[in-house]
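Quick one: the structure is below, and I'll ask about it shortly.
Each chain gets a letter, A, B and C, in the order it is written, and its residues are counted from 1.
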Amino acid sequence: MKRKNNWMAIVLALVLVAGLTVGFLLLGQGNRGNTAVTPAAASAFSTQEVTAAATTAAQQPQQINLATPSDAVELADPPHVDLSRFNSNMAFATLMNMAVDTGPYIGQTVKMRGLYYSVTFQETGDVMHLLYVGDEAACCGIGLEFRLTGNPKHPEDYPPEYSIVEVTGIFGTFQFGDQTYPYLTANDFVMVEEPTDLYQRRGG
Amino acid sequence: MTNAWQTLTYYFEFPFVRYALVVGIAVALCTSLLGVVLVLKRFSYIGDGLSHIAFGAIALATALKISNNMLLVVPITAAFAILLLMGGQRAQIKGDAAIAVLSVSSLAIGYLLLNAFPSSTNISGDVCTTLFGATSILTLTMQEVWMSLGLSTAVLLIFVFLYHRIFSVTFDEDFATATGTSARAYNLLLAVVIAVVVVLAMNLVGTLLITALLIFPALSAMRVFRSFRGVTICAAVLSVVCALLGIVLSILAGTPVGATIVIANLACFLLFSILGLVTTRRFA
Amino acid sequence: MNILSCENLTLGYEGRPVVTGLNFAVGEGQYLCIVGENGSGKTTLMRAILGLQSPMQGQIITHDGLKKEEIGYLPQQTLAQRDFPASVYEVVQSGCLNKSGRRPFYNKQQKARAREAMARLGITEFAKKCYRNLSGGQQQRVLLARALCAADRVLLLDEPASGLDPAITEELYSLIRALNQEGMTILMISHDLRAAARDASHILHLANRQLFFGEKEAYLNTDIGRLYALLEATA
């Protein structure tokens, strides 16, 4: 009937907690939340915030080579991955996974639907074109860059800002710093009928 | 119907969907087993309290610019779990007010910290993800998958091998202590395990909905089954089925994963309540 | 020989003593009945002996290698919650836990022991029933069966007959008497002085202090003993 059990219990608890913390750390979990996938770090659905994010990004010095081949690319039909038919949650989740684990998708034909917006880099004058895909609640989103072949001019040959378009292109990646970023090489885009309500759900 | 099946089989080709299901099952299993113990100890709301504390810890880690927030989250959550549970049954009255105070304060402080020290341009997105877990189960990294599976297996093994002791300590703490089973040590172990499971389950349903994962399967099972073993097994099975159903439905219909799982659990609870009323004598 | 002794024991809660100056020893095979009015410190003493409470002063010493794993305990109120889903068998079986050592599951002997305890208490037919659906007397028998599973050498009972009707109470007492005759040391808190007078070997009378400790015959001859017997008889 000794009381030393209390101390043993407390020591055991401390050891357990320390071990678990170390375990969690070693296995690298943590850092939840939005990972910025493009330099523009677009993450909000309101046009205001998209613009703000675009402006912030444009002020950072960039060395990305935004050139695309002038020749058209050959696309598989039907596309290997068709995100345009997914509901927002799945489209967002799939895109997130593709951006993190790019390997299996390089060279594949991907079709996606999203909100078009552009980012202009002040120093170089280059323009980056992106499709923004958000989840159902519009609380998280990811922007995927696309590059059109055939030397199109901005803004004439591109969709109106913040309109909903579909782009089918070949999935590729480029390095910037120590991060790998994905982009699509596409021949053209398709305007989807513009919904009056930006928050309208797309069916799955 | 076939269209849904085709969509589903297409979705299953993506590895992240398979991982979501596997982790969902693992986490659902752990939370339901633990939940049985929590409900019977009258600590149903502790999962909620702890998840809010974990949220606060995540916010604190973000504010302090700590790169890996688990360094703070696990110890803090475990510490509070120990604090809240160690009083045993006698501290219950104090415990319920303590949970309320800690829970709400953590939420408020956490949200304030995130606003004051934002780490990304989308605070509300981060908050939304942490609170409701809209799509986080679909965007797990491989490390997170292994982590979840490993910890779930550990929790399951603990529960299986310490089953009789857990029963004794939950049923009658005084008797257990008096006859040589240290209830204090098991309460301690329980507190740490709960902290771990809460942190794991945050990925699945977000912090606001964890209580559902913990208590709904246990409550449903208790409506029909009358032995501890029956309740435990039923709760585990129910939880896994509802998690599976919830995930599949949510990816088909585009609804948030966490809420769909909770609604599946709710439906089961209602069904089992009716069953319980109708078959009162069957398992008594 | 003694298996338990208390020396200059003071017990209390939050700095306030409930019972002071306890000095007694219990020998193996004895039947000690602890009597006194409500609030005199009987349950506090039993909880302290069981290690559920620390002494404020003094000590409780176990002798002859008595371990917690050899003790059985029947608590006063059923601590089982209203909604607790447990079958009678599961409850009784949990008494055998202290014999498990490090083993995770019960072996054949423990299962047999649980079945024997149930048979002895006449509750085998309820084995699969839910504990909370039983009547008070049946529940008491289940808890006693559990205590039997746990008890090898000492059995502590806190008012085992409270709330039970006379017939069941008699059965209970005769069972406890039989156990004592088989060599089990009994420590029982009781209000029932007639049963104590009949079965006990020693009496401990508490009134927030030790009023009397000694053999039963001596007690019945003291003033306190006679007065208490009179009060109990007229109550």
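Going forward, a contact is a pair of C-beta atoms (placed from the backbone, for glycine too) under 8 Å apart; a residue touches a chain by one contact, two chains touch by 3 or more.
On a predicted model such as this, the values are computed, not experimentally measured, just so you know.
Student: By CA centroids, point me to the most central chain in this structure.
Tutor: Given all protein C-alpha atoms shown, the central chain works out to be B.
Student: Work out the mean Cα position per chain and let me know which chain is farthest from chain C.
Tutor: Following the centroid criterion, the farthest chain would be A.
Student: What is the distance, in whole Å, between the centres of chain A and chain C, each centre taken as the mean of its C-alpha atoms?
Tutor: 69
Student: Can you check how far apart chain B and chain C are, centre to centre, with Cα atoms defining each centre and the answer in Å?
Tutor: 40
Student: Counting only Cα atoms for the centres, state how far chain A is from chain B in Å.
Tutor: 30
Student: Of all the residues in chain C, which ones touch at least 2 other chains?
Tutor: In chain C, the residues touching two or more other chains are 51, 68.
Student: Name, in rising order, each residue of chain C that touches chain B in their complex.
Tutor: Its residues touching chain B are 47, 50-52, 67-69, 71-73, 75, 79-81, 83-87, 90-91, 93-95, 97-98, 100, 104-106, 128-130, 133, 146, 150, 156.
Student: What residues of chain B sit close enough to touch chain A in their complex?
Tutor: It comes out as residues 7, 11, 14-16, 58, 61-62, 67-71, 73-75, 78-79, 82, 119-122, 124-126, 128-130, 132, 134-136, 138-139, 141, 143-144, 146-147, 150, 182, 184-185, 188-189, 191-192, 196, 203, 250-257.
Student: Which chain A residues qualify as touching chain B in the complex?
Tutor: By the definition above, chain A touches chain B via 5-6, 8-10, 12-13, 16-18, 20-21, 24-25, 27-34, 36, 41, 43-44, 49, 52-53, 56, 87-90, 92-94, 96-97, 100, 135-137, 139-141, 201, 203-204.
Student: Report the residues of chain B in contact with chain C in the complex, numbered from low to high.
Tutor: Touch residues, chain B against chain C: 40, 42, 89, 160-165, 167-168, 171-181, 222, 225-231, 283-284.
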